[in-house]
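What follows is a set of structures to go through.
You will see subunit A twice below: alongside subunit B first, and alongside subunit C after that.
Up next, the complex of A and B:
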């Protein structure tokens, strides 16, 4: 880059090396550009980083495991160190997993590190997505990056599930059997897909090898590619920031990448690594030796998938097998149609809730943009309370997910809280339908309540708890005014009014537009207007309610 | 004998022969095989039986009836054998504190002698499973075979790591850590509460010994991978990651982004 022949000679050896590298790579201009990138500071912005670091740890520990794992379903007799399994017939895959656990130096640590990192990877991605949703960071221009994130979440779950199935122990085999059941429930082609997937009748001798290729090659490569794209978009869009004095949609307030963030982020990698290593060293995860080799006949109590697949398992557990007694006959959710079995009792819970969650997740940015007709770029985040309907929708979805998630541990809820398993199932079935509605209503009311509280504080200051008796006998509580910086946060937000139906180019209000207007009303009708300068002025000048109420209210924009 | 030989071509001769053959095989089998044989316990003295009857009348007869013949509140104990009594009373499940989905374990109300006397009395009422042979509860069997039997027969309720599990309507299979070998053997033999009976024809005494050996082995060895989080599988692991793992990480993120102001 700096091709102009300069007479500059660095005086030190390090300088000469740096100059040599720079003249050939042009790295200094990249560093100059990149190092000045400003990132805002907030703890909730770091979950994406946690996910990224977990992924790096997964690659490192996973590579170690590939050195010793043998994805073969050939049969062998165990002769290793673990006494309660010695002499047992098992697959080579399970035997090599036991070998890693008991004979390879550091093998068990690496296995546990890999597994704990996988749990954290998906957990960090989920929390990151929740943060992005509730703060409105998915809005223009970041809709596509939101979709990439959603795909990454699905890939993370796929990576986790394929890995969970590799050791060929009883637990993973039971998990695969459930997947096989779901696949076979697909009408008409299900059985063929199952045969294709397993290379014959379940479990066959092919599945571990196939999952291994997906687990160590295809899925990680896709994740890596999408992570790169995701990060490029972050650089292109710049990072979002929370509202605050001096922050707007045209700037980013924070520290530059170099040196502050480079040091913080680099150090944070080692913190995440350290936390995971401590967990791997001190806490058992997936004790495959307990479960024994896979054998299609036994199914252990307490058989669950890892947490991120739990909600799908929970949906299966919630689904009743029978509709009930109708017309004196017991009606099942399984039907024979044209000599084909239609197993709705498996098909519905396995595909429909997950389908709803991911469809809404992927289209939500476009849905909200259509309802609000808001086509502006947003780089300043919403505080969740300032977008009550969105926050309520998010909590409804979150509750829907959590009900299914809880259902996956229904048996443990029953034993540990000494309640009937049947009752747990009945309650969760009811909550499956009612829970999201309750969550929506309660969340919206809480958000509006918090907004009113913000308004109150902005106008009248913070309650000090100090009660003063006035000379004429009246008691008042002394309110301390908030400082300007804090007040800015309380008053600087948008509270749009419902947007009525607009005529299109032909001057016609079509049915689609009327539907949009209805949704807009639903979205924005309950609102608390931000404090307007006039109201603030009135409050400060007089300190009386009458004065504030007579002042012009917030316009909304 | 002449008349008999003349009738050898009678149409019913084949049937008669078949019946005789079957009777003979059955008789021989029942002599040769001891499986499924209910036998009265002979190891108890008459004094044990008398003392046991007194204890029974004072503590158990309210529900089980004066002659242990049962009542609407509780089943008959005739023929349940000494093993059932030793398990139910020895683990504190009987006398029952309250009616519920199943009898809960609690500190034993009777000492070993009293439990033995009660067992002697109930065993005297009718033949049933006797107290196990100490050689079968010594924990010196084949742990690998026991593990296989455990996974096939027991793990679906008691969990592969013997951590227990839920059954329907408030019933449950308890965790097996800390249960004595004799009680495990008796449970398999008598099927207490909601547990099925694993008779000697289903799992041989040697098989039961192997299962006991397996359970003792996994209990003794501890957890090779560190704290086992209850041995409950992926749910406790996921919960631990969300609460402890993510909690610590969040604490660090707050520390990293805090400013000294």
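Up next, the complex of A and C:
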């Protein structure tokens, strides 16, 4: 602060450069603000970092690929290094992809690095979102950042799909054909959109060039902007932290940015890069030379989209097109409306499950805030077990997703496990409806069970495995009390009671509020209260196993 | 900084918290810092230092190996798959070592040698009440100075102009594609409009015509229309609509509906290969059951019942191509398909 140009003479060369820059930019205030900014540390906070670093690697490897890729669908005859395809007619896009793979030094490595990084990018974003959901990190003041994250996930999938289609190989061409079929099912404007997308009939000669512009310009620019916004919000809100001794909603406990946190996070970029490079070296991904150029006639069995598109493809597979003969007429899901065709067998699975997943994802923070009427800021995370209903909702959604995802591999499940493809589909159709309900119930019970286990440990200590025989013959296992720091971690959480319907400003309990109260009851009814000091006192005073077991565990039934 | 006991995590608010009659536990504060081996034993610290250095040197070796394998192995139109594979593994693994050396080195350095004291920092409110009031006043003043409330005519015409202005932006995308749903219902199978010459069924991909006598019972052919390979443009567009599967069954196995009696020849039938679900090629023929299976979404069609859907997400049977035999004994298409092939679309039944 006292660095006026006249009084301060930097002693070193680096210092003189810093002084030059600082006088013109005022960066010292930024260093002062961020140099020792505290970041909480936890392994589960790394998923977001993995996503960010994979994106950086995508930009680096993608830029390299653009220098050699030619997104033209003009016809050409292959004369390159890969002998089995020589003399074959193909598009220039496919030829240049082969050229990158076989004739550019490091080209294959860059292609594989790019593809693996893309798969990891979406995977890391997904796991990061699961972490944020299950720990309640989306709560006030971070609801908007949760929405930004959701948009980033969608953009990541869009970036992946547009990139997947660029090499114009057989597999990606069939993927586009499926997209075309789905687009055509859209009522009224579907055929138009398809014609506009492909510049006429499928496949045409325009689509690769158009997807290329989306893939290398529009979508990455949007991702980049939203990532910047996402990180700005992290700075504004400061990072959340897990509950524990010394941590609360008014502080942030962790390591200072400089040097420890910056070193760990910066070093982690190189680790992510290194792991992806090892994968690109050792594991083939998308061997387009095996698939051949796009041709509308052939297709290989066991075709799979990239993993993140799988759930949508799986939903398409699960939907029955025909439900058999009823009253002598074939019942199917394609209807005629005013002499126009409505293909619900395509429209429903393409739109409804994805619609449900993303709608619930985007509105969930507001939904929970409305149900719980909890309008406070939360900077301390919930352990998933301490919010049993939310955790159960999350697992129900996760199961819903996974059933569809599994359905995208129904044929491979059938061939690998030697079971009937039809049976696999029937089971998955049932699980599509029943799976989320089972997951909800089971998860909630597990969460409550873990809470009870926490209570037991807080009250009686941990099991030591040491069995002692008392003078009168009874065997007991010695429990060692946990120290106050560990205990605090087990007992320091909120366990709200259901909030009954409240009268509004006019003193009336309206129907909406009664509905909210019902949901609040559903949300908080099953609860295990944290141990209180009095209970601990009692447990120590009795010092006897049975006496404590029979004490109420705080269950709200 | 560093004051660990500034309050318990419980708050006031509208949320009903548990009736904790027994009170709440006092926050014991940040647990005492535990020294690492490298903090107490200078030997251990020295060892960690050597390990970090070794990791950085591994990275340097990785970079050198990368450069060597880049320049020592050249690729070109004559390089073999083995060369490419070797170079890919060398480049990839050397990058992996170069990156992992730096990454693990820095992290090891941070974890073993940099101070690992956890510190506590106060959070600040996301928003100050002061700022809010000042901002509201500024916005009010701005609105007042524009006079937009007092002059509704200006406001309304501006809204109107802004609402219309994006229309040209939409219109300029009008040339992205034609809106010609008509082309979806015509394929190359239609007989020549002038000469009336019918199109021969030829093998995919070489385009040789198929004699009816070549089609034995149980066999299946992937078929394209004659002349497809000679097309200079739109070859894939035409192929995407015209591909056909040709099979021969025992004539008594076929259940032919009225009006289609002349569409097959001696048990030889031809069906569109494009799935009526979302358009994948229905490429799998189960010879024993006479089922056609689409490998993309497993729609299954029963060939003996005019390709009715018996399983999977498709709703409509595959369109049948009427065929006959010409004077030279070759299979030809009597006419085009009687309905559009491939996925359904809104205007499908509209003629």
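A few points about this structure:
Going forward, the second predicted complex is superposed on the first by the 538 of 557 C-alpha atoms of A that agree within 3 Å, B and C clash if a C-alpha of one lies under 4 Å from a C-alpha of the other, contacts with A are read in each partner's own complex, and residues count from 1 in each chain.
Everything that follows uses one rule, which is that a residue touches a chain if its C-beta (ideal position, glycine included) is under 8 Å from a C-beta of that chain, and two chains touch if they have at least 3 such contacts.
Fair warning: this is a prediction, and the values are worked out from it, not measured in the lab.
In the superposed pair of complexes, A:273 makes contact with subunit C only, with no contact to subunit B. In the superposition on chain A, A:452 contacts neither subunit B nor subunit C. By the touch criterion defined above, A:515 lies against neither subunit B nor subunit C after alignment on the C-alpha atoms of chain A.
Which of subunit B and subunit C touches more residues of subunit A: that partner is C. In the superposed pair of complexes, A:412 makes contact with subunit B only, with no contact to subunit C. Legend: residue contacts after superposition of the two complexes on their common chain; A:303 is shown touching both subunit B and subunit C.
The intersection of subunit A residues touching subunit B with those touching subunit C, taken from the two complexes, comprises 101-102, 108, 112, 264, 267-268, 271-272, 275, 281-282, 295, 297-303, 410-411, 421-422. In the complex of the two chains, the subunit B residues touching subunit A come out as 101, 143-144, 146-148, 151-152, 155-161, 163-170, 172-173, 214, 217-218, 221, 223-229, 231-242, 244-246, 248-250, 252-254, 256-257, 259.
Listed in rising order, the residues of subunit A touching subunit B in the complex are 41-47, 50, 83-88, 101-102, 108, 112, 115-116, 119-120, 123-124, 127, 170-171, 264, 267-268, 271-272, 275-276, 279, 281-287, 289-292, 295, 297-307, 310, 408-412, 414-415, 418-422.
Interface residues of subunit C facing subunit A in the complex, by the touch rule stated above, are 4-11, 13-25, 27-31, 70, 73-81, 84, 87-89, 91-93, 95-107, 109-111, 114-116, 118-123, 126, 173, 176-181, 183-184, 204-205, 222, 224, 234-237, 239-241, 243, 273-275, 277-281, 283-284, 295-299, 308-316, 342-350.
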